[in-house]
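See below for the structure under consideration.
Chain nomenclature is as follows: A, B, C and D, assigned in order of appearance, with residue numbering initiated at 1 for each chain independently.
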Amino acid sequence: MTKPKLRIGLIGTGFMGKAHVFGFTSAPRVFELPFDLELHTVADITDAAAERARQTLGFAHATSDWRTIMANPEIDLVSITAPNALHKEMSLAAIAAGKHVYCEKPLAPLAADALEMTLAAEARGVKTQVGFNYLCNPMLGLARDMIAAGELGEIRGYRGIHCEDYMADPAGNYTFRHDPAGGGALADIGSHALATAEFLCGPVTRVMGDCVTMIAERPDGRGGRKAVTVDDVGRAFLRFANGATGSIEGNWIATGRKMQHDFEIYGTKGALAFSQERFNELHFFSTADAKGRQGFRRIEASPDHAPYGLFCVAAGHQIGFNDLKAIEVAGYINAIAGKAPEPFNFRAGLRIQTLVETIQRSSAAQEWLDVK
Amino acid sequence: MTKPKLRIGLIGTGFMGKAHVFGFTSAPRVFELPFDLELHTVADITDAAAERARQTLGFAHATSDWRTIMANPEIDLVSITAPNALHKEMSLAAIAAGKHVYCEKPLAPLAADALEMTLAAEARGVKTQVGFNYLCNPMLGLARDMIAAGELGEIRGYRGIHCEDYMADPAGNYTFRHDPAGGGALADIGSHALATAEFLCGPVTRVMGDCVTMIAERPDGRGGRKAVTVDDVGRAFLRFANGATGSIEGNWIATGRKMQHDFEIYGTKGALAFSQERFNELHFFSTADAKGRQGFRRIEASPDHAPYGLFCVAAGHQIGFNDLKAIEVAGYINAIAGKAPEPFNFRAGLRIQTLVETIQRSSAAQEWLDVK
Amino acid sequence: MTKPKLRIGLIGTGFMGKAHVFGFTSAPRVFELPFDLELHTVADITDAAAERARQTLGFAHATSDWRTIMANPEIDLVSITAPNALHKEMSLAAIAAGKHVYCEKPLAPLAADALEMTLAAEARGVKTQVGFNYLCNPMLGLARDMIAAGELGEIRGYRGIHCEDYMADPAGNYTFRHDPAGGGALADIGSHALATAEFLCGPVTRVMGDCVTMIAERPDGRGGRKAVTVDDVGRAFLRFANGATGSIEGNWIATGRKMQHDFEIYGTKGALAFSQERFNELHFFSTADAKGRQGFRRIEASPDHAPYGLFCVAAGHQIGFNDLKAIEVAGYINAIAGKAPEPFNFRAGLRIQTLVETIQRSSAAQEWLDVK
Amino acid sequence: MTKPKLRIGLIGTGFMGKAHVFGFTSAPRVFELPFDLELHTVADITDAAAERARQTLGFAHATSDWRTIMANPEIDLVSITAPNALHKEMSLAAIAAGKHVYCEKPLAPLAADALEMTLAAEARGVKTQVGFNYLCNPMLGLARDMIAAGELGEIRGYRGIHCEDYMADPAGNYTFRHDPAGGGALADIGSHALATAEFLCGPVTRVMGDCVTMIAERPDGRGGRKAVTVDDVGRAFLRFANGATGSIEGNWIATGRKMQHDFEIYGTKGALAFSQERFNELHFFSTADAKGRQGFRRIEASPDHAPYGLFCVAAGHQIGFNDLKAIEVAGYINAIAGKAPEPFNFRAGLRIQTLVETIQRSSAAQEWLDVK
């Protein structure tokens, strides 16, 4: 029995482009998918670059004009890994052509744009996805399941961080990540902390932000200096709809930290602690354990935590970052087939950007704001 | 050569009273002190309790009237470990009698009272101490020395927490720690997080607070219920005089956490991470380490980190909580002899209470406040 | 410029078969390989199973007779993931047909068979590989490089273990892993500990073994019981040619341990500690660090540790078990092209089996034995 | 009600002498003891040293002749912390005088001497103690209780180590610890690993030793060199009377390790892991935990683990090395009063030395030996 085909066009061939291809090629070997995925056309800036990518990545066709992909009725799904500033134009074109769109985060520099993209996709009825890969970790799924099942009791407190040090060196150049529209640590990585917070605890209803610029100017890469106005550290106090309170921090000048996407969550019956630096582990404290025998236990990812078992036959082997991408792709492909809800669609991406912008506005106004 | 004597009166014989005695008796065996310490008089509520404490703790005299201690010219130093509400009256009486005063934290429920006590002590010229024992940890001293020596470069970010779970059970009774004046998680343990923050990074100049009550009423211990208005979780954004920004959290309903007095501090050249749950360790990241060889290194407390070597001959043996108290006492005794500055005097205790109250007011007003 | 093709035949489609395919398909996307890899023919027990595997795994042809693969001159490389007992016959057939052979470990139940296979491959001039994937970890490569560069000084001591608990339940059935020929914990996983020991410290010259059976009989899966004679725990004292001494333990009844492939290695100038449970980390102690600042530092896998950077753009992301397989395949393909030495060929596999058998014989004889 | 007095004589005022005094003075404040302890006489090499120790340590009398202590009928208990070579003569003199004897480990350089001391003490009916302080850790008591209660099921495997690096530097002088009689890493610290192994798993019945000298000569401290014949690393395979098998390692050249007194113990229902570097923690794996929720849990020392609660009011505060000494003293004083069995008497010390010597002989003979 042959499966229907799903033909893919890819725009952008940098790290995230490769990660998408990794997902498209490994997901079918790991998961039983409803479609055969076909790498149809890849687009890059020049013909030479596109052709090179075609060979390396295994596409059938190459183009230096991304509009070719939109115009080709054979293509069902467009992966957009081009610079952020182009996400909106490309997505709207793909949506208009009735194609499913898989867009890297952030959806667009501004929430207003993300909203326009979301509404367009919903109106056209295409399936969308934004790349929030950390949420695809089986241990985060486990955490969410445990919370939903009441294993922690009522949730009372949350503390999430995402700290790295890739902008810690003041001699590093000004990049597009420093652009006022859509830039800053909160938008770039604090957004992950926010996504995880809502993934686990449900909607945030109110925020108080604290966004600070610590490195006020950077080399512009052409011998001059350029002022930086976006935040190097973005913090927020949070109120959740479920009554819990919490905080997050996004920090890209956290010297020594490489992937500190960590959280602690406290409930009336238990607690969880997690660090992305050891993302195949989840630490669980239960007040149900016997007196004198209580403590945070280190649960190692295992076949008990689907879909880990599709990657490794036993606990302790560990999945890697790229495997998270395969899980992300599989979820999306199943959504396209109507077999599962969209795990992280444009509306979800819009939500995170709304949170980011509300925190930024709260910080500027120095007041608590409701999240609309 | 005999040393001069320093005669001690103790008020209160509970856990902290015993801890003071532990400090007074072990400090002289560990440190070369300028005085011989003599346990002169102990005061408790009843004659019987006082006499029992006299025998157990090794004092020469016992009394059920603490004013006896103040009236006795033989006594040089008064240790106050009575309930918080009595700290002010007792301290002022001792100061008036020209005695040195060693008072458990918090100095008084309100900063205004703490100020009065501080001014009285300074006017009378007696030496004072508040029990902020965590700061006596050699590893915190190491952290401060490293920062002062520039090993971390310029300090940019700070994140401190003090989370425990001793109030996590809503069935636990209302206690004096829930009293509106001086109560709450921020005052009780968030104060430690603040003390450590300033100990390491210097003065906090501005704060934004977030104090929340999660368990709105508790059993009153007499069959009824009593409303709780103090915070179960107290958070704050911080601005430091040195230009750094940061945050702290005090949380006494953090299920599973027993002594999470932790911090991370990020500088331009390095970073430190610490957890009180493993307080004989300090984790240090240095950008000066060779490429490909960088990482947080686990420094174990050792004789290189004075005064650890007075307690243990080699790294890895580890000091305990009570040893911190001995270090605290030794510092104070040296200050009384004029051989060292007061390590944590009433003014320092006042400072912490001022910070706590400013954060509480900021939270209530929902606005940033300068720390006066 | 098109690359020459390397056509692959696969025998066996279980977990390791899939892992090989994963390696063959992901290695070319991650590495710049000298061949285009083509999944030519897959063999399984029945036509149906083979056809299903063909579709799922992406091969062009399927067969239920593995000899078809040997007979087909189009096929350049044969992957053997069939049961251990068949490794020898299949390998010899492939070698005789002039094909490169990639065989899962152990090469054969007995060292004598492994020797025959090795000599055949060397005589025929084909390139071989045995799947010792843990050694492909960039952090183990880092460890070896550091040792070779003298960063630890002279090596003095080694302690390696590989402990898991997949045989801890006495109710688990007797399996082929319990067969006297080639079975037991030492052969199954202690072999990994031995491979790592020699990878890092060079040749072991002398051993004293201690192999014990703790669960003396198991269900035979057909309602009866079957005696077990192989070891559940295999230990050895080791002498290395470089003068160091050490020990290893292989243990498959280590309740709670899932992948404790750990080692510590002590040199005159430094030490390393590693755990496979967190295999993206290597812990390094250097006596060159400043006094009072020494400690084991946690080096996180990063692009400084090739080939990690081909999988992830930054430290902290982490590679997974399957990525180790891709690295293993890439090394082999380069060896086939003559661009690199064979990273772990049949002779290396023979070496490990020789070590295992010498330890087993030493244990039985209760005497130290030279490793021939 | 006044308690009877127990008058103490101390020989030796170095680190262990101070540790004994610490124990004698802090134990009564922490525990309800059956005697009042009185520091009667301290002996050191010279009158001046003894007098200085008298003042610092708080004894009533001082002497430069340790026989004075034996001759004084007022003295009930003699603490011996003099060099190992003197332990026997001093102990026998104290026993002959009918005094209780508290002797630092090792009891004597040779097991034959330890036996003589043991028999003498038993014949005379005095209570004895050897300082195996690690066993006084509440977490080790917890481990033993859990094993005894069957929480781990049947014990199957044990792995114990005691690794430090205080002899790692070959430039370090030859010391009494290098003397052929009683010296070496196995005797010095491997003995602790053996004591813990038997404390937890019961008697060892058979051993195979591997004792190696890695630094063959050392400076003699007088400009010359001296050959070293004792082991720098001592390893052993073990058989236990309960059917379990295991291993230990004592290693004093383990670069970077300061107090790696660690063990793992595997049973049919659970496992324990412990490291002295974090000795207020015990890690417990239970197969009774729910599927998908299993993992090693970090139990922090708390008032649930007596006698921790006498030192600290809550979990997380942590006791230190010196507190272990107070626990050791309290156990001994209760034994003297006949209120408890001797926790670690001369016979127990003899046992450990017998184990050490049997392992040394096994290593020399290269054969398994029964432990007599």
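Keep this in mind: a residue touches a chain if its C-beta (ideal position, glycine included) is under 8 Å from a C-beta of that chain, and two chains touch if they have at least 3 such contacts.
As the structure is a prediction and not an experimental result, all values here were calculated from the model.
Counting hops only between chains that touch, subunit B reaches subunit C in a minimum of 1. With centres defined by CA atoms alone, the chain at the far end from subunit A is D.
Per-chain CA centroids place subunit A at a distance of 54 Å from subunit D. Note on chain placement: the centre of subunit B and the centre of subunit D lie 35 Å apart, centres being C-alpha means. Centroid to centroid, with C-alpha atoms defining each point, subunit A and subunit B lie 42 Å apart. Looking at subunit D, one finds that residues 257, 294-296, 300, 302 touch two or more other chains.
Within the complex, the subunit C residues that touch subunit B are 142, 283-284, 289, 291-300, 302, 304-305. Those residues of subunit B that touch subunit D in the shared complex are 15, 18, 21-22, 25-26, 29, 56-58, 164, 166, 257-260, 276-279, 300, 302, 311-323.
The touching residues of subunit B, when paired with subunit A in their complex, are 152, 156-157, 159, 161, 165, 168, 170, 208, 210, 212, 214, 232-233, 235, 237, 245, 247, 249, 251, 253-257, 264, 266-271, 285, 287, 294-296, 366-368.
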